[in-house]
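Following this message is one structure expressed as structure tokens.
In order of appearance the chains are A, B, C and D, and numbering begins at 1 in each one.
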Amino acid sequence: MTEKTNSTLTASAETTRNRLRAGFISRDLYGVAAIVIVAAAGYVLFPDNLALLTRIIAIALLVLSLDLVTGYCGVATLGQAALFGSGAYAAGILSAHYGINDPLLMTLGGIIAGAVAGLVCGIVMLRAHGLPQLVLSIALVYLFHEFANKASSWTGGSDGLSGIVLDPLFGLYEFDLFGHTAYFFGVILLLIVFALLRIVVRSPFGMLCRGIKEDPVRIRAIGASPHKALIKMYIISGAVAGTGGALSAISTQVVALDALSFTQSAEALVMLVLGGTGSLFGALVGTLVFMLFEDFVSAANPFHWLTMVGALLIVVVLFAPKGIFGTVQDLLSARRNRTGETRP
Amino acid sequence: MQTVFSIAVDALAYGMVLFVISIGLSVTMGLMRVVNLAHGGFAMIGGYIASYVARDLALGYGLALIAAVVFTILIAIPIERLLYRRIYGQPELTQVLMTIGITFCIIGIANFVMGPTLKTIPLAPALQGSADLGFRTIPVHRLFAIACGLAVALGLWYAIEKTNFGIKLRASVDNAAMAAALGVRTEIVYAVSFAAAVGLAAFGGVVGSEFLPVEPYYALRYMVTFLVVVSVGGAGSIPGALAACLLLGAIDTTGRYLMPEFGEFFFYLAVIAIICVFPRGLAGRAK
Amino acid sequence: MSAVFEVINLKKAFGGLVVTNDVSLSMMAGDRVALIGPNGAGKTTFVNLVTGALKPSSGEVRLRNEPVTRIGPTGRVQRGLVRSFQVTRLFQCMTPAEHLGLAVLQRTGKSAQLHGNFLTRPAVMEEVDDLLERLGLYALAHRKVREIAYGQQRLLELAIALALKPSVLLLDEPAAGVPQSDTGRIEDALANLPADLAVLMIEHDMDLVFRFAKRVIVLATGTIIFDGLPADVTKDARVREAYLGSYANAGLNA
Amino acid sequence: MKKAAIAAFAVMALCGTASADVIKVGVVGPFSGPFALQGKNFKAGIDAYIALHGSKIGDDTVEIVYRDIPTADPAQSKALGQELIVKEKVQYLAGFYFTPDAMAVTPILKQGNVPMVIMNAATSAIMKTSPLVVRTSFTTWQTSTPIAKVASDAGVKKIISVVSDYGPGVDAENAFKKAFEAAGGQIVEAIRMPLSTNDFSPIMQRIKDSGAEGVFAFLPSGPTTLGFVKAFNDNGLKAGGTKFYAPGDLTQESDLPALGDAALGIQTTFHYAVSHDSPENKAFVEAATKAIGNAAELSFPSVGAFDGMHVIYKMIEATGGEQDAQKAVDAVKGLAWTSPRGPVSIDPESRHITQNIYLREVAKGSDGKYFNKEVQTFEKQGDPGLAAAK
């Protein structure tokens, strides 16, 4: 290797590094801006459909939380709704049984319950790997579901938990029929969670988790415990899912067993893989595309839309195997590399 | 004592039905490394075909069973060529997405073509009625299901462990490139195994239809059950799957007898306990 | 001067099969020891016992006079016992800088922090850059590992071990799988290892052993049959007996 | 400022439909998924009503907007309800197969100035959540109470209750228990089994061991009823003379072909049998069969939907097409008419339908088809569940 090419390479490493450093803030800003723009566009384009949009936000939080454990840590789970539902029920029970109707306190309750559920699920889930782990997650979500069904004096059982009353947000904004307050509340929650998660995923801890996903043996060989890190991530994930659950409880004022269901978990996983795992944007894109597509086709043909959704999933696997966002990102970076090479 | 025997017989019958339906999935997941969530969909297609042949065409149960296996495989061949072939060796989550998509399509099409009502498969006269075991009576079709389970278990064990094809299959699984270099046409091995798995699914769908009635949502309704038994057994292991089915069948049946209101708890707690003790499944091999 | 690393009467049996039989050895700071032995001698088991992946049937492992036999693999790493892998175990989607950053952060107890990024931490980056430069990987700092050559991956493997600032380093065939053209760089890197580091290298390549080691230990069927100078190893009757047949004439007479 | 904007927007949204010629009715139901059959029946009932009575009421034209909700999913239901009210500007909400789905929407009715006509969801308590709810289906209490009298009239003293472990199952158990014990009978055991039960043999063993003379059972209509009834026969309970009582969900007409001979002789009480003999029902069945395509798929939700449309038409007549939810609901309080199921009326207090409950027995017709044969009538039954829920 000659001196000259060596120094060019070194210089290019230097620029890469600077680009990366600068990229943190700008990518965060792009992300926040993108959410704000999409949220505003949703508000302007579908002012009559804010309930759907709020629901998308709640599910997006669930999918983000799933991305943390599946996308960043490589733990496949079909039981993420256990965390989401715990948050939803906690928020709902606070209001319906304890008269705590402040939406912020209810959200806090949801976050705590989600984190606790995350801890419990994490401890159990990490006993196995691969397929058996997937089955553990299924067993867990069914246990949570059954528990909620049994504790019907608290949860309303299969009739759902109703009687959730809401104080105005900050004492100012009533939760109204059109769902404006709930929508804005949801958008703000999403922005906060997104910003915090951006910080977490590029932090040393985030890097550790990516390492665990790729090779836990190597992580142990540098003296870190994958188990501890994964439990921690599960708690964070639970808090995020709990936020989504609380938002769902607040915006709909009902919580039912489906919030804790296997179906909900599986749908979340489908949305995540659809968007692309291992990236917060992927989680958001997947949720948005799936929910909007489902809403569109199920309104267009309420009787046979499932086939269309199935076809969408197949098409995505065939033509965008890394998920929608992952594949777009690959295409863009491939183009950047090409243009980079042709530059003198 | 009589009750204990009685429960044991029920558990055995239920476990065997689970085995017959799930074993095909164990083959795809363990030997072909494809998380095939559409397995229940193929079982359902088998059920529909059998129902059509036996009920609408009145051609009899035996013929219905054969037709179900043959036509389900015929339906599955283009699906394998066009879709499954694209996901061999892909990450598990991609496989999950694809096979859930296929399941949705199968459900949607079944609902459209066959309608949402339950379909039954009229049993052959010889399988109707009950047999006397001395301490209790048992429906003959349950004995038939137990026999089918044993036959399938033995047949598969023989095919995988003792035949030339089994050797090729195991070689392809362990190291596809090496097997190909040795002249094994892995594509064909995979296609044949897939067809066998689908055929088993259809067979199980028909034999098990007395327990799990055929309707469009079948494909998703029992997906979890199949996935659980296969994983608890250790994907790819015939004895493992058999043990898991019998064990879980026993736990499920006993739980439902002793404390029906906590039946679900029992079952899933048992699943968690088993996996915690055997993190790779009952017959899981270290990787 | 006391030993930094000691293995005392280590035994491991799987059922009736004894794979590590009463092995004892000790190393001082700065030692360069090669552990060799024919296939099936129990080298891999020995490494697993020492790093804590396996529990011994009896015996003890000590690091700087502290018994670590009951301490798990991660605890031993934290106490300064670091290993490299025979086949590289790296994170394919991460960059060398990230690998080293993670190792440095882990060593300094900061790998669990939920904020900030190592690229923006001067203290971490200084160390990372230093390691990258020492091993000639600086230019590749931000390439994904799957895009870089295997020889360079081996160097990175070494760099990670160094980033953990070990007192004892277990190198499992550091040059395995590397094309001939690249072995020179690996040997350079080995020659430049910190002087006070105790290194135990498990190796097949006798040329490398002779150039690197000041002391050679031969393991055969789970027992140490030779512990002495490299110059003496080929003359030892038991070593010859252990190798001849399984290893034939290869390497030894060179 | 923001509030004012919202208010202005709301006024616009609400006034927009006041003088419109097209009156939209939003129907939420399970049109896909495991309960698609019931959703299909909703649509058949609605189509039948429109086919028989036209889509015009005075100058106004009725338009139905369908929204799918495959399983109980209140969050989705609320989103759909809001969308229908705010975006589609429906004046009436109808449908609702599951209780939680209905419960999720009731809190927004008042603000949206929209009445809700429940065409199925069968939990008594829904009626208390909003004064703008009217129900034209039934409650589980309503259909499960009379069967207790049937059992005790038949001289059965000891009964074991076996229900699916979810809201309606528990309702059925309580309703039966209350009525049966009041009639002097004894519930020897009450079993709640998980909804996902596939193999009922162990349950049958429990029934055998309990020493009861009869079984009261409740399962949601669909695949599990098939397994339950078959297990009942296969395990020799039917042959052993154990009596089988259930509300009519268990023998809904669309499941009968699958149940076949196994169901023969099962006694159930319900508000509607497709075989009901009346000119109104003949006309209804003919129209509904045409709408659904396959006669074998016709089942009870269709009649709830049919009568629901009747109530909505009356509401539209009473309000002259103006959007006034309270006025619309008030107008149908006490409304009485002859439905395909027989004489019915809307109870002014509870806004729930008062109707005849029939004792039926599964029989095989001369054409080889199975049907629910009405053998006894319990006239003018209200909802006993509402009182019990208090």
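In this section, contacts are C-beta pairs under 8 Å (C-beta built on N, C-alpha and C of every residue); 3 or more make two chains touch, one makes a residue touch a chain.
What you see is a predicted model; the values in this text were computed from it and never measured.
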Most distant chain from chain B by Cα centroid: C
Geometric centre distance via CA averages, chain C-chain A, whole Å: 41
Separation of chain A from chain B, taking each centre as the mean of its C-alpha atoms, in whole Å: 33
Whole-Å gap between the CA centroids of chain C and chain D: 73
Euclidean distance of C-alpha centroids - chain B vs chain D, Å: 36
Shared-contact residues (touching 2 or more other chains) in chain B: 108, 111, 261, 264
Set of chain A residues in contact with two or more other chains: 146, 304-306
Sequence positions of chain D contacting 2 or more other chains: 32-33, 36, 40, 165, 194
Chain-to-chain touches, reported pairwise for every pair that qualifies: A-B, A-C, A-D, B-D
Contacting residues of chain C [partner chain A, same complex]: 51, 73-75, 77-78, 82-83, 85, 89-94, 97-98, 101-103, 105-107, 110-120, 138-142, 160, 164
Sites on chain B touched by chain A in the complex: 29, 35, 83, 86-87, 90, 92-94, 96-98, 100-109, 111-112, 224, 227-228, 230-232, 235, 261, 264-265, 268-269, 271-272, 275-276, 278-281, 284
For the chain D and chain A complex, residues of the former touching the latter: 2, 6, 9-10, 13, 31-33, 36, 39-40, 66-68, 71-76, 78-83, 85-88, 99-100, 103-104, 107-108, 111-112, 123, 125, 129, 165-168, 170, 194
Residues on chain A engaged by chain B in the complex (per definition of touch): 70, 76, 124, 127-129, 131-132, 134-136, 138-140, 142-143, 146, 150, 262, 266, 269-270, 273-274, 277, 304-314, 316-318, 321
Touching residues on chain A, where the partner in the complex is chain C: 6, 9-10, 12-13, 16-17, 20-21, 24, 199-200, 202-205, 207-208, 210-211, 214-215, 217-218, 220-225, 228-229, 232
